[in-house]
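Here the chain labels run A, B, C and D in written order, and each chain numbers its own residues starting at 1.
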Amino acid sequence: MQTEVRYYQEPQLNKPVMVCGLPGIGSVAWLAVNHLQKELKAELFAEVFSPMFSPKVWLTDDGLVKLMKGEFYSWKRNGRGTDLLLFSANEQPYSPEGQYELADAVLALAQKFAVQRVITMGGMATDRLTDQPKVYVGGTEIELVKELEEHGAVKLAGGAITGTNGLIFGLAKPRRIPAICLLAETPGYLSLDANAAKAALQLSSRLLNLSLDYEALDQQAKENADAVEKAKDLSRGPFSHEARKGERDLSYVS
Amino acid sequence: MQTEVRYYQEPQLNKPVMVCGLPGIGSVAWLAVNHLQKELKAELFAEVFSPMFSPKVWLTDDGLVKLMKGEFYSWKRNGRGTDLLLFSANEQPYSPEGQYELADAVLALAQKFAVQRVITMGGMATDRLTDQPKVYVGGTEIELVKELEEHGAVKLAGGAITGTNGLIFGLAKPRRIPAICLLAETPGYLSLDANAAKAALQLSSRLLNLSLDYEALDQQAKENADAVEKAKDLSRGPFSHEARKGERDLSYVS
Amino acid sequence: MQTEVRYYQEPQLNKPVMVCGLPGIGSVAWLAVNHLQKELKAELFAEVFSPMFSPKVWLTDDGLVKLMKGEFYSWKRNGRGTDLLLFSANEQPYSPEGQYELADAVLALAQKFAVQRVITMGGMATDRLTDQPKVYVGGTEIELVKELEEHGAVKLAGGAITGTNGLIFGLAKPRRIPAICLLAETPGYLSLDANAAKAALQLSSRLLNLSLDYEALDQQAKENADAVEKAKDLSRGPFSHEARKGERDLSYVS
Amino acid sequence: MQTEVRYYQEPQLNKPVMVCGLPGIGSVAWLAVNHLQKELKAELFAEVFSPMFSPKVWLTDDGLVKLMKGEFYSWKRNGRGTDLLLFSANEQPYSPEGQYELADAVLALAQKFAVQRVITMGGMATDRLTDQPKVYVGGTEIELVKELEEHGAVKLAGGAITGTNGLIFGLAKPRRIPAICLLAETPGYLSLDANAAKAALQLSSRLLNLSLDYEALDQQAKENADAVEKAKDLSRGPFSHEARKGERDLSYVS
């Protein structure tokens, strides 16, 4: 079995920009692309299946089967400015080769649609919880890094980015597709850091000239903050059912 | 070496339904398909060999060599109603990619024979031993789930199915083959749960309009129950040879 | 990089029989094929290189590099009776897929030379050291097993054979090449069981109508016996340098 | 995704010799080829990308992304004598198959440029720190080994070389490219053994008729020696910040 992209439609897109985010630390990238897709009502037009995903299937509440897969969405801006391609997946491939394989398949699709730029995202683990997470930026070209710095990002000077989000970014270079990677600060202990996702999206939306509603992410961020507060209170008192419930509210969703 | 299907015959089948079951928890699916093949006297028409199976061979009591492999059987209903294709194997591939590879090869054969529906099976581990195991159902379409609910199955609302039985079910969807998965309740400690296999088969036979004899499975289930009873008695008394013999009677067969 | 067979000559062979032996328990099969090659002065005509072998190279005493590889030798009987093809390698591939891959490449070569029969060998671990090891036989057909029983082999009734020696045997069946596997009794603690190798070869030579000199194997077997005897003596006395030297004499050679 | 070589130029080279060095023990080979490339101002003309490298990207101090990759450099001698091809990479592939794959890709490029000889390098771990490391040599032909012995190398009589540096050397043989491997003595605890790299380069430069400046390597070697000296002093006194700083100076760079 080969990695295979199945098309349900062939959207006609104007100078599209591609935004990619797979699950990872704090689910930052996944939350951001998911939010973008819902807010813009972007349409699913293709899916990628691969033996590189883990060997299992999921069931919906209706008893319907879902494969592990990646999804491609398109959004048309009504002719003004660039259109969008979105990519996400419900997990990262478990093997190193699988991560290269998926990143390569995503970029092959990007080239097919003559994508002008690729934006990948991720979380950068720090040990502080802040209302205003910094967003770091790296790029395939210095001009891109500078452009994002003007929008408020901090240059990623050194370091490594692991996993598929990093590989989509890096493999864009030999394909000569301009690409940036935005990493938002996130404390390691949050599994769904909506605040970090919002910070990464705000920067992206300035670049993409989008005006987004962040209510859903704000709501999620508030729930996180409340849960953290509750956990702090409880760590002072006796260990209780409520404390454990608080932790469960933060459980990983992908 | 590639995964390869070898045909010994090319059966002409009328709107076939495919029933698949590989070894897994409680050997439920494997027992069910094995019983079906024997009761219907279905004929072997193809085998699948793959480097994804474990690197060993078996010997029969006659000293004849047997490879690890999957087997395809066909059964003709004498022109009335749908014919059957059965698939089983003596093990699941040991690697994740191998499980995708085998599932994909099985579905390619299903498409070649214009299979109308795929039924996969499995065990769902619970901590109770019951005479009347519930059978859960998931599907590629809501109509299929409802149809099985009418036959007495319980909707699988959420959760994951791991391994090849789940992948055959899930990968049927992008190939547009309607598929269901039936999971029969089984206590984790039985290696050959004939009772669970019977429950899954009874549901399938209603769907397939088959009338089956279950004597062999009933006999196996009775032996299981006796062995469990013996083990309980012995866990009250001193540890003895007979107790250990009881356990051995439940040893895994695949 | 693909598994690749390199030909140095293209021998013209009369109804050849192929004898295969890779390193394994007691090095039985490897010792046997190695002895056969030296006694018959069989000629190297092809080598198989593969990324499935371990990632290292060896150096000879002259400083020359040797890859991990498999070697094919041919021997012509001067027109009377069947010619021989020999196959051995300095290790078994380390991964399961690699073992299938190599076995498949060996059998593809066997088919290219219209091999009439394949003989594979191996050791069967027992806990006794005997001067007269039994040799067990399994086959792709009952006639073959019976023929070997007449020559003194014991039928392998049940059980599994793991690794590449077993896979060459098993994968011969779907290719419709008659094949047997001879397993000679060997105690688990000998790394070079020359006695077991001799027993397997004696059976093979009756089948192949060969008359072999076993002096080199007898010499090796005598050294083994002496070393075991020495080790027994020393296990009664204080732990000494000589005892350790005795163990070293049995070190693995491949 | 396949292993892929991307050409930025197609240099015209006169009877080139290829010098290869990937990171390994003491970083000997990597340091040597890196030094050669800088001293000769050799030009990057191709890169090799592969899913066999680890799934991550690096960022420069300017925020620019760098993939894990291999790099090919060319150097022209102005028409007198042989030109040079250099190969290095920022890591060895993590899997055995990946190491074969990369070695094979390097040799395929060597053949495309009709390389006359391949020189690979590495470290040979010993337990002594010496100012004058011995350099051992193995070859694909006895004449090569003898030629290097005349230049002061010691024949590698027996033993194994693991990893990609060894595989490039070994796989040159079935491709009929004359090759040597130079292993310089290095104590196991140095991560950047500039002294060993210099010793290997000095031998190579005699073979290649090159006159090199070693100042950068001498400077690195002096820092190593100072750090080792400091560590010795500190192991006598109390554990201090300075001692730890000394250790950090030796940290692995690749």
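Note that in this section a contact is a pair of C-beta atoms (placed from the backbone, for glycine too) under 8 Å apart; a residue touches a chain by one contact, two chains touch by 3 or more.
These numbers were taken from a predicted model, which means no experiment stands behind them.
> Could you work out how many touching-chain steps separate subunit B from subunit D at minimum?
When the steps are counted carefully, the minimum from subunit B to subunit D is 2.
> To test your reading of the model: what rotation angle superimposes subunit A on subunit B by C-alpha positions, in degrees to the nearest 5?
90
> If every chain is reduced to the average of its C-alpha atoms, which one ends up farthest from subunit A?
Greatest centre separation from subunit A goes to chain C.
> Specify, for the interface formed by the sequence copies subunit B and subunit C, whether it is same or different in terms of residue numbers shared by both sides, with half as the dividing line.
different
> Starting from the mean Cα coordinates of subunit A and subunit D, work out the distance between those two points in Å.
39
> From the mean C-alpha coordinate of subunit A to that of subunit C, what's the distance rounded to whole Å?
Subunit A and subunit C have C-alpha centres separated by 55 Å.
> Can you list the subunit B residues in contact with two or more other chains?
none
> So that we know how the chains sit together, what is the shape of their touch graph: line, ring, star, complete or other?
ring
> What is the complete set of touching chain pairs?
Those chain pairs satisfying the definition are A-B, A-D, B-C, C-D.
> Would you mind writing out the residues of subunit D in touch with subunit A in their complex?
Checking each residue of subunit D against subunit A gives 1, 4, 6, 47, 49-52, 54-67, 94.
> Which part of subunit B faces subunit A closely enough to touch in the complex?
Touch list, subunit B to subunit A: 96-97, 99-101, 103-104, 137-142, 145, 155-164, 166-167, 169-171, 173-174, 179, 181.
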